[in-house]
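Data first, discussion second: the structure below is written as structure tokens.
Which chain is which? They are A, B, C and D, in the order written, and residues in each are numbered from 1.
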């Protein structure tokens, strides 16, 4: 089973990467950029067919390791 | 002899490389701000180390789109020697002057220490004077990667400038600090007038550095 | 106290949540002649907390010696300044970022480095070196690995990017830090003596300018948090941790230094803890003027920020300046060139008040003097506990056949093993002036373009301090002094970072008082004044305080870089000699704590006259070119020091047969000692010199191939020791 | 308009970060992990309502800056 995890910075947390990327894009001529935020996208292949346990496990992985809950939010998606 | 050092907002080895060039050649290189759009006639353009735009997104990616890099690419194609060190190497790759990609070190951590390299290509304007040489590396993303077709191409065309090695010049996994394919520490373009390398010759360029092996690269290109 | 005593309109819980005591609140009301509004309450809370007001420590800090021939600026400004000849000065300071680093190790440590860098470049200095003093819990504590790797990559992440080499530091592991790690960062910078910038605002009507990053909701209540004890709920305080942006700091550094070349800046102050609040009040107070600020002009990153939030935000990479109005446009162009915010947000006034406006409404009006001069100051009760008694050990107490086995055990312990795993993650060579890299006693950094250098080292032994705070305080100072001497430099001055538990507990306050007394005595004797520092109190978790940890950062000057010494042995056939008396003190030594797991037996005592004499003797020998390599004898004793010299030089030693063959001798931690490698033909001359200087100087052995032999039966290969030495910290 | 960009390493490019994460997860007791790949997730706020031009622009951004086509693939999604 393939799961997708999206990790994004919390709303009010400074995203230095995002703002530098936004500036670069603007200087490349993409003038209608309003904001850019950079996060992580993690694909996890799990050896299980049970969506429910998988979902529980994936959330646990995020809490324990993948996301830094001090500054990040996460979202889990299972195909 | 006229040389130029490109300065991005996050460059931090620009001064170091200028000092090395001055000490070795007697000439003061001209510093060129990234927002400028062209460089005068030049015998050597150096893209120095640092964190050009914080190294956000991907090292060197944003620098490669800056106005000055368009001119560096143009000059390089006209045959002007261009040397990219560390972040400069990353920028040259991102701007398409050199093949491949520089990925995160296999240890996943920043590495700052002395390593040994030896030239594979021994005839280019940059590499012809260097033997097994000691100099520092200091990077997070120096893990060189190319596809197997590209590798074959750069091998066949003698574009591998330097490889990480041991005291005796042996190239082995043991002497590879960052996971680079074929222990590649530096590569040349097809015409051999563009060199990108991860190690810092400017940090091994005078007695106070404890080692002067880096001088040979500058001597080779500056004289 | 119960609720019915509360006679104010303001909710009592609101006051308490701001960390203010009842009588402190009364003082505010008295000073203002009314109750404060929320924004004002926030401002008082930030200014009067321990971190900004030094209310528990001020009285004692004043006792430290702070003047000397080379002191240009002592404590009280953003950083200390010392004269290093030729019109050059060194500017340096150390600061703690303990609590934020425990909550979010990467960002906590990174922003700690960012903060101390700003303290130094605000004064007009280009930062040339970073150091860090770190304490973690036990190596096998479940949190240690995560905290260690996060902190180290955060320090590297910031320093590497901004391009300032991280050249040294120290790390300890001890259970007293299990719930409260210490992250102390030090920066050293170089400036011209006639181009130092201060924070005193001046010139009524002059513009107050905000530069750097935009303000967001980062770290609101950060300063209040740093002064509060941890408890089980501290997880809730997490969202207050700030995020660092070293790239923007690099821009800010270059833009500030560029503007500083012009005669434009009248006063400048970085926004550190308590952001706009402390920076604006500091500038007004130092200049004895008022400031009027229009908060709606502050560049904002988040929407709908209130006056309260704007004043207390701890967004990083920001500065406040008072400019010469005729230079405003020129200054604006420089900051524009570096893509930074530049906004005139107010002006200097003669009201001696801080007046805050927002959208034409007055949000606060506070007389500066009640914020600063009337800030609470406590002379807290203290108890000085009896130091742990010194224990005498006999040679027979330990199995002498185990000496080299014990050496092996000790050298692979995280407290004594190589810190290479750490410093390889730091760019310690950028700027191309690092002459002595990490791994020796003091790091040496060349003053760019000259042949002189600065030597620097950070040290403290918390176990020594715990068992005898007075001797421990002396030791921390003296250890940096010795490290600097061993590198061939003249020690000049120190900065400190006083990390302690809850000062409201008399035993903790007693530790503080005694450490200060010890530090003061050592500084006075050695002519080694304190020029800057920082206090971090309330380092406790669930009522358990950390060990007293007065981390010291010392700086020395070496006038001729060709005299620099390192600890690596140079040549076979040379002699290795010991300077200083060995008294076999084993109490609380690394041998006892690591091999026998016994933390007792007292702290070694330091004879400061002896220290001074021995240090000057070593420096004289180095300057006379009589020394090949040198190393101080520190934690672990003589044999550990010998092993470090052998590993670094890839050579061995045959120790003289007549040396007392005992653990007491090899692992004793007697103070004021050095190991010197000398050429055999110089021995007689040196012996004579030592006698005329009344210094104990003895031959220990002969430098040999890469094997350490301490009698015919006991030997160990240096390569084996190296493998163990280098395995330590990275394997945690 | 909010667009989402997913940048992933090409299939045959080694992902050292992914393997370290996989190992860490296994050592935390998540035994049914088969594979982990780490990529980037970029959110771009564009000042336009035209999906078609937005889509074209976003692809251009990826080609020009956001992705390194030697080692990475990208995917653009518009809400």
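Here, a residue touches a chain if its C-beta (ideal position, glycine included) is under 8 Å from a C-beta of that chain, and two chains touch if they have at least 3 such contacts.
Given the structure is predicted, the values throughout are model-derived calculations rather than measurements.
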item	value
Of A-B and B-D, pair with higher C-beta contact tally	B-D
Distance between chain centroids, defined by C-alpha means - subunit B, subunit D (Å)	28
Gap in Å, rounded to a whole number, between the CA centres of subunit B and subunit A	33
Averaged-CA centre spacing for the pair subunit D and subunit A, given as whole angstrom	9
Chain centre separation in whole Å, for subunit C relative to subunit A (CA means)	36
Numbers and ranges of subunit D residues touching at least 2 other chains	40, 64-66
In subunit C, residues with contacts to at least two other chains	245, 247-248, 339
Residues of subunit B engaged with two or more neighbouring chains	53-54, 56-57, 62, 65
Pairs of chains found to touch, sorted by chain label	A-B, A-C, A-D, B-C, B-D
In the complex with subunit C, residue positions of subunit A that touch it	10, 12-16, 20, 23, 68-71
Subunit B - residues contacting subunit C, complex	9-10, 12-13, 15-16, 19-20, 49-51, 53-56, 109-113, 136, 138, 140, 200, 202-203, 205, 208-210
In the complex with subunit B, residue positions of subunit A that touch it	16-17, 20-21, 24, 27-28, 38
For the subunit B and subunit D complex, residues of the former touching the latter	57-58, 61-62, 65, 94, 99-101, 103-106, 108, 143, 145-147, 179
Residues on subunit C engaged by subunit B in the complex (per definition of touch)	153, 156-157, 160-163, 245-248, 250-251, 254, 338-339, 423-433, 435, 446, 561
